Amino acid sequence: MLISCPDRPGIVAAVSQFLYEHGANIVQSDQYTMNPEGGMFFIRFEFDLADMDAQLPVLQEDFGRVADRFEMKWHTFRASRKKRLAIFVSKEDHCLLELLWQWQAGDLDVEIAMVISNHDDMRGLVESFGIPYHHIPVTPDTKAEAERKQLETIGRSADLIVLARYMQIVSPKVIEQFPNRIINIHHSFLPAFVGGKPYAQAYNRGVKIIGATAHYVTEELDGGPIIEQDVQRVSHRDDVPSLKRIGRTIERVVLARAVKWHAEDRILVHQNKTVVFHG
Amino acid sequence: MLISCPDRPGIVAAVSQFLYEHGANIVQSDQYTMNPEGGMFFIRFEFDLADMDAQLPVLQEDFGRVADRFEMKWHTFRASRKKRLAIFVSKEDHCLLELLWQWQAGDLDVEIAMVISNHDDMRGLVESFGIPYHHIPVTPDTKAEAERKQLETIGRSADLIVLARYMQIVSPKVIEQFPNRIINIHHSFLPAFVGGKPYAQAYNRGVKIIGATAHYVTEELDGGPIIEQDVQRVSHRDDVPSLKRIGRTIERVVLARAVKWHAEDRILVHQNKTVVFHG
Amino acid sequence: MLISCPDRPGIVAAVSQFLYEHGANIVQSDQYTMNPEGGMFFIRFEFDLADMDAQLPVLQEDFGRVADRFEMKWHTFRASRKKRLAIFVSKEDHCLLELLWQWQAGDLDVEIAMVISNHDDMRGLVESFGIPYHHIPVTPDTKAEAERKQLETIGRSADLIVLARYMQIVSPKVIEQFPNRIINIHHSFLPAFVGGKPYAQAYNRGVKIIGATAHYVTEELDGGPIIEQDVQRVSHRDDVPSLKRIGRTIERVVLARAVKWHAEDRILVHQNKTVVFHG
Amino acid sequence: MLISCPDRPGIVAAVSQFLYEHGANIVQSDQYTMNPEGGMFFIRFEFDLADMDAQLPVLQEDFGRVADRFEMKWHTFRASRKKRLAIFVSKEDHCLLELLWQWQAGDLDVEIAMVISNHDDMRGLVESFGIPYHHIPVTPDTKAEAERKQLETIGRSADLIVLARYMQIVSPKVIEQFPNRIINIHHSFLPAFVGGKPYAQAYNRGVKIIGATAHYVTEELDGGPIIEQDVQRVSHRDDVPSLKRIGRTIERVVLARAVKWHAEDRILVHQNKTVVFHG
């Protein structure tokens, strides 16, 4: 259960008392107050509930009273109900491969509903994992039509879109269908090197550390809420191909972490920033 | 307020309800369950209380009922009541200097009650900060007597002993007076290189990364609960003096972090391990 | 060309003059002196040579004079002649997968001659990459026989054995056939947690950082020359399965780096330590 | 000795032969070729020379022939001749303190000729180290005059200006007197957050990692050649004061490393980028 609301005394007491009375055992809770004097308050509860199927709807209905009292925005998620992913990919396979590998190893507890690509190159790979592969070409002329097709193909079978090095800009029409539910991996340490060819930009600027950034997609290019970043040291000896090679490992790890945290309902978005509860 | 107890349903609800009824506003809470089925449960509450002087004793007394019900071990600390440090040092000054510097910059919110050293070298430095300096020489023959003198000098004016590169082994008699309240910085990545000359040991083993470890002191040499560790990459080019130089920066940072977290009552010790709440 | 010899004036001049006279253009050189007063001297030259096939043997023969003069141990390697790997694996596939993936992506410029395993589990995976897979079971009783079979299977078709989470101790008979040419990944930050179950050991000790170590295999268990190490921060919340999961990513990256450096002839071994030239 | 020239066969041979004939023993050499086909070539030799006072001028004069032949730009520096620093500071003392502390500990082998500040706050501190302190106030109106005074105060007694959190923009007139000899610490991970208040910018963007950058000062604000960068992980819990506190440690370390490398003549600048030889 993820809750955000204006801070005020008694919130933790009210919610934990409510959960206790409804038979829920709190396994984990994390909270964050932007500012005790009138700031926003964010809390995440992880709880067990006996007879979940029957009791959760009751709990959800009853919680309305508590939520109204504190002007809460809230969601409950069932950990046993896996997030369903639609992964978008273009020609670089490393981010996709990492997700498939972690998923197969049991480290990424999601359902991979499908892979959608503007190229047909990775069909064999993806289908060998038993995952449907949809080739939907995109050209400047057919972009609107292609996006309509993408949304139709996804239908109601995915909760999250992951752009695993998908080299097309996603238009607002898709974004508004998946608000804060499209994760992109940008191959630079944002906000440095927004836009195209970030490794070439990094090489030209002569940076000593490169990075990658996973973020939710918003209408502003590479400007959405940052979920995770990581970096690696480089030197003057690393040319652009070498930066790309080093960067691939960072991109893989950063994207996989962001997807994992989203899948575990650890992320709250507020004013273009994320609160990530690692507890 | 730090609490540890066997896990059981209703703990968070009971405590947060209790705090709410006593007028406390929870600013931050962190919890950790070793194992929901009968494991230990640890929780830290940070709360504001109007009229703290009058209300805290009432709250503390009343909390006994809750604590008994859940077999809790608990402590309350007042954030406004700064921890008082006795810093022990020998001949290397970098860890001491870092603590003094962070304290002066306002980054380390403690009171430095005194510095005790088995050498007289740093008197001028320490006294220039307005801090009392006690030179208590230690030889194999006078060790017991020296430690008696140390404890007498400290008296009741310190809550925490910090061994900032103090090169004497502290005997059980001192440890039992300050259980989990003596922090040592060991200049290796424990449990690698226990004991003397860890940088020489690291050089001989040819490691590619060196580190430092801050831990509570127990009777087992370099075996107490680890609070914090950090590392730095090195290469075959780094000889022992170079490792020492690189290590100094790690030691300084790691010790200062550990002292800061202790001072902020973020650390619980359970079975020779620490739970550190960073929330 | 990798050279080690006692340090003395004129070595760089003599070798670079020699190479120049033989038409070799030095692309990269790296050197390291343990101690200018009578220590060891290590140098690595990377050079281009027109008509390599004809000229290299001439150069190698002529170099004897220079080598004798300075008591050099030296090797030349042709970058165009890829190292041939025999990868040993047991039941955990992540290190093997990383090597296969980097090899397929062109990031690891080697030839993978075969995979040998004491289990048959990964046959399908390995063969799908077009790589021969040999299942050679090992039991305490059949160990000597199994190792004889391994050596026979390898024959002269591999230059390097990579133990990619191979959970059997390799006996001296195999090691002496591949001196400083067997790379193992140990799933701890050596010399901490030598031997079995290092993640369980790390959990029990309560470390705040875990790591992995790639090293050449010698007769001393987990005691050979360290090639590369890396680490990741963990917390009290990470139980053994979580440490294993985090560790898998470190192991993969560290082993792949070590194999890459070996394949690029960047590593010299001296007195159980490595000199790794990153230039 | 630092050399840059167009790449061509025979450079290493010619220089090392030359040095050998002049009695110099090469202790360390590092080289870097941007592109073997006609790119730039950079090399650094560290050598011992008996009777340095008499022999170095001879060697320098004779080297002209070699230099002309390969169109070299070259410098020789005597390691025993310490770099002389003029440190500029405003109101934040942490970077200055780190330099003073490392200098006093013998880790930074330079001469600190003076500290210049637009405030008088740190006079006591600086003078207690026996270092001259010059207070030269700067206002928008008096800036040109103040800079004239700074240059006059420095005269010929410093080789390097270090801006240790000096919060004034240095004008071209000063820069051209010290080309690639002014090092600034910028409190962000450049090129992210150029200009003022980078920690506030970082907070607003919601980054998960913050950093600091040491660079040579050029006319473009925060746009000069990057010498060193480092970073630290942060979270949503870190507000601006917390980012500043964490950042202080990064700034201190990064600036001290850059100054150390400059003092050891390890840095070559080419086309707004640095080649840093760590060998």
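Lettered A, B, C and D in written order, each chain numbered from 1.
Convention: a residue touches a chain if its C-beta (ideal position, glycine included) is under 8 Å from a C-beta of that chain, and two chains touch if they have at least 3 such contacts.
The shown structure was predicted, so the numbers you read here are calculated from the model rather than taken from an experiment.
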Copies chain A and chain C - rotation angle from C-alpha fit, nearest 5 degrees: 180
Chain whose mean Cα position lies farthest from chain C: B
Length of the line joining the C-alpha centres of chain B and chain D, rounded to whole Å: 37
Chain B and chain C: spacing of chain centres that average the CA atoms, whole Å: 41
Two or more partner chains touched - positions in chain D: 32, 237, 279
Complex contacts: residues of chain C adjacent to chain B: 32, 189-193, 205-209, 211, 225-231, 235-237, 272-276, 278
Of all residues in chain D, those that touch chain C in their complex: 9-14, 16-17, 19-21, 23, 25-33, 36, 48, 279
For the chain A and chain C complex, residues of the former touching the latter: 93-94, 97, 101, 105, 107, 128, 237, 245, 248-249, 253, 278-279
